[in-house]
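One structure, as structure tokens, below. Some questions next.
As written, the chain order gives the labels A, B, C and D, with residue 1 at the start of each chain.
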Amino acid sequence: MDYCTHEPIDVGRLMAAVADGARGGTVAFVGSVRGGPEDGPVTAIDYSGYEEMLTEELGRIIGEARERWPEASVTAQHRLGRVPRGEPSIAVVVAAPHRDEAFAACRQVIEEAKRRLPVWKKELFENGATRWREE
Amino acid sequence: MDYCTHEPIDVGRLMAAVADGARGGTVAFVGSVRGGPEDGPVTAIDYSGYEEMLTEELGRIIGEARERWPEASVTAQHRLGRVPRGEPSIAVVVAAPHRDEAFAACRQVIEEAKRRLPVWKKELFENGATRWREE
Amino acid sequence: MQPSGDQLRSTAGTITVECRFFARYAEILGRDVLPLELPETATVGDAVRELRRTLPASDVLPERPLAAVNRQHTALTGRLTHGDELAFLPPLAGG
Amino acid sequence: MQPSGDQLRSTAGTITVECRFFARYAEILGRDVLPLELPETATVGDAVRELRRTLPASDVLPERPLAAVNRQHTALTGRLTHGDELAFLPPLAGG
């Protein structure tokens, strides 16, 4: 499965990819485009990325998690391009023999992804305006 | 969505049930029937429960999470009956505006569910033997 | 003034609760329900002692089993009321 | 012995790196790639100073931008080598 996609993220497929009879606990984190009251009327976000580095860096982040939790099966995917409000932009899925490891590895991967992935977002508003969002 | 089901758990449907444009972070925990080397050749688990109490108690557990994280949307489902190896027996899904809350609420619900739900499992082995599994 | 449930009591000064058994307990006891008459001051612990004294194969029930009254986890010191549903729960294994 | 890349150097004692700009930086600079000639001892920080000195609209590039060399995050003190891909990254907003 590619770490970077321009299509909608299929979380069920990611979960199936890590599943296996020996790993009883699966934790998934899915980050979606938010457009609630505190965000203003955002209709979509255009995600752009430094794609070659995004793929390599997400691979390194996943590799670090696999090294720290050798029994865990870890995958993740970041979507680029226009993502409508409510749709996932990133998913991290970890299956492990026990839930402690699954929660810990999933958390580490999403934190590192937020901190390190070369991705930028431009918010699109109902009135047609756009804005770079730097968090 | 019923907290207790005798059908396969549809994790995607649970995720859709909590999704909403204002909650950007969704965390799902899925517990599946494990049959790895340390578990012996388990082919399935027969889950039985005190169903009326299971439904009430899971409702209380979810209510406690909603009270502690008022912005979170929380759901969960426990499957009863025969669950083949690799299939989910429980799922907890939380959507929240921020991922800290989503991780924390999901973790609390699964820990309380493991501790409090009146559910029992009988393991079925390849050779036809069965065994109550008390953890 | 007397509680309104009194008319249902099998004997003056006693209450009847419905015991429920699950999983391994039900399998070994060979039953999943049992009405039990107890003194009206009885606690969950009193019900356990009475069952362990009278039931065949009752040693499947430990001295301090998990119990629920009316579908809520309850300590052994919890007081029982006429008509209560008193469930005995083998070690939980949900999830 | 001389490094084998020497033949590609535009001038003796200098190296050429390929600068890449993304998102807001690319938008404001009006370009996403730029070859940059630097002394062969140059660091990422030296490249930043050279760009801020010579590029139009270069104040979009802060004094201490995030940078990556050959697709890995790199400190401003990191040494550059001829042929490196040097990317300048606006504040990250992935996920």
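As a working rule, contacts are C-beta pairs under 8 Å (C-beta built on N, C-alpha and C of every residue); 3 or more make two chains touch, one makes a residue touch a chain.
Not measured: the values here are computed from a predicted model.
Most remote from subunit A, judged by the distance between CA-atom centroids, is C.
Matching CA atoms, the turn from subunit C to subunit D amounts to 180°, rounded to the nearest 5. Centre-to-centre, using mean CA coordinates, subunit C is 76 Å away from subunit D. A separation of 28 Å divides the Cα centre of subunit A from that of subunit D. As a whole-number value, the distance joining the C-alpha centres of subunit B and subunit D reads 50 Å. The mean-CA centres of subunit A and subunit B are about 23 angstrom from one another, to the nearest whole unit. Not a single residue position of subunit D touches two or more of the other chains. Chain contacts: subunit B has residues 31, 110 touching two or more partner chains. By the contact rule set out at the top, the touching chain pairs are A-B, A-D, B-C. Contacts from subunit B toward subunit A in the complex involve residues 11-12, 15, 19-39, 85-86, 97, 99, 102-103, 106-107, 110.
Considering their complex, residues 31, 47-50, 52-54, 56-57, 78, 89-90, 110, 113-122, 132-135 of subunit A touch subunit D. By the touch criterion given at the top, residues 20, 22-24, 68, 71-73, 87, 89-95 of subunit C touch subunit B in their complex.
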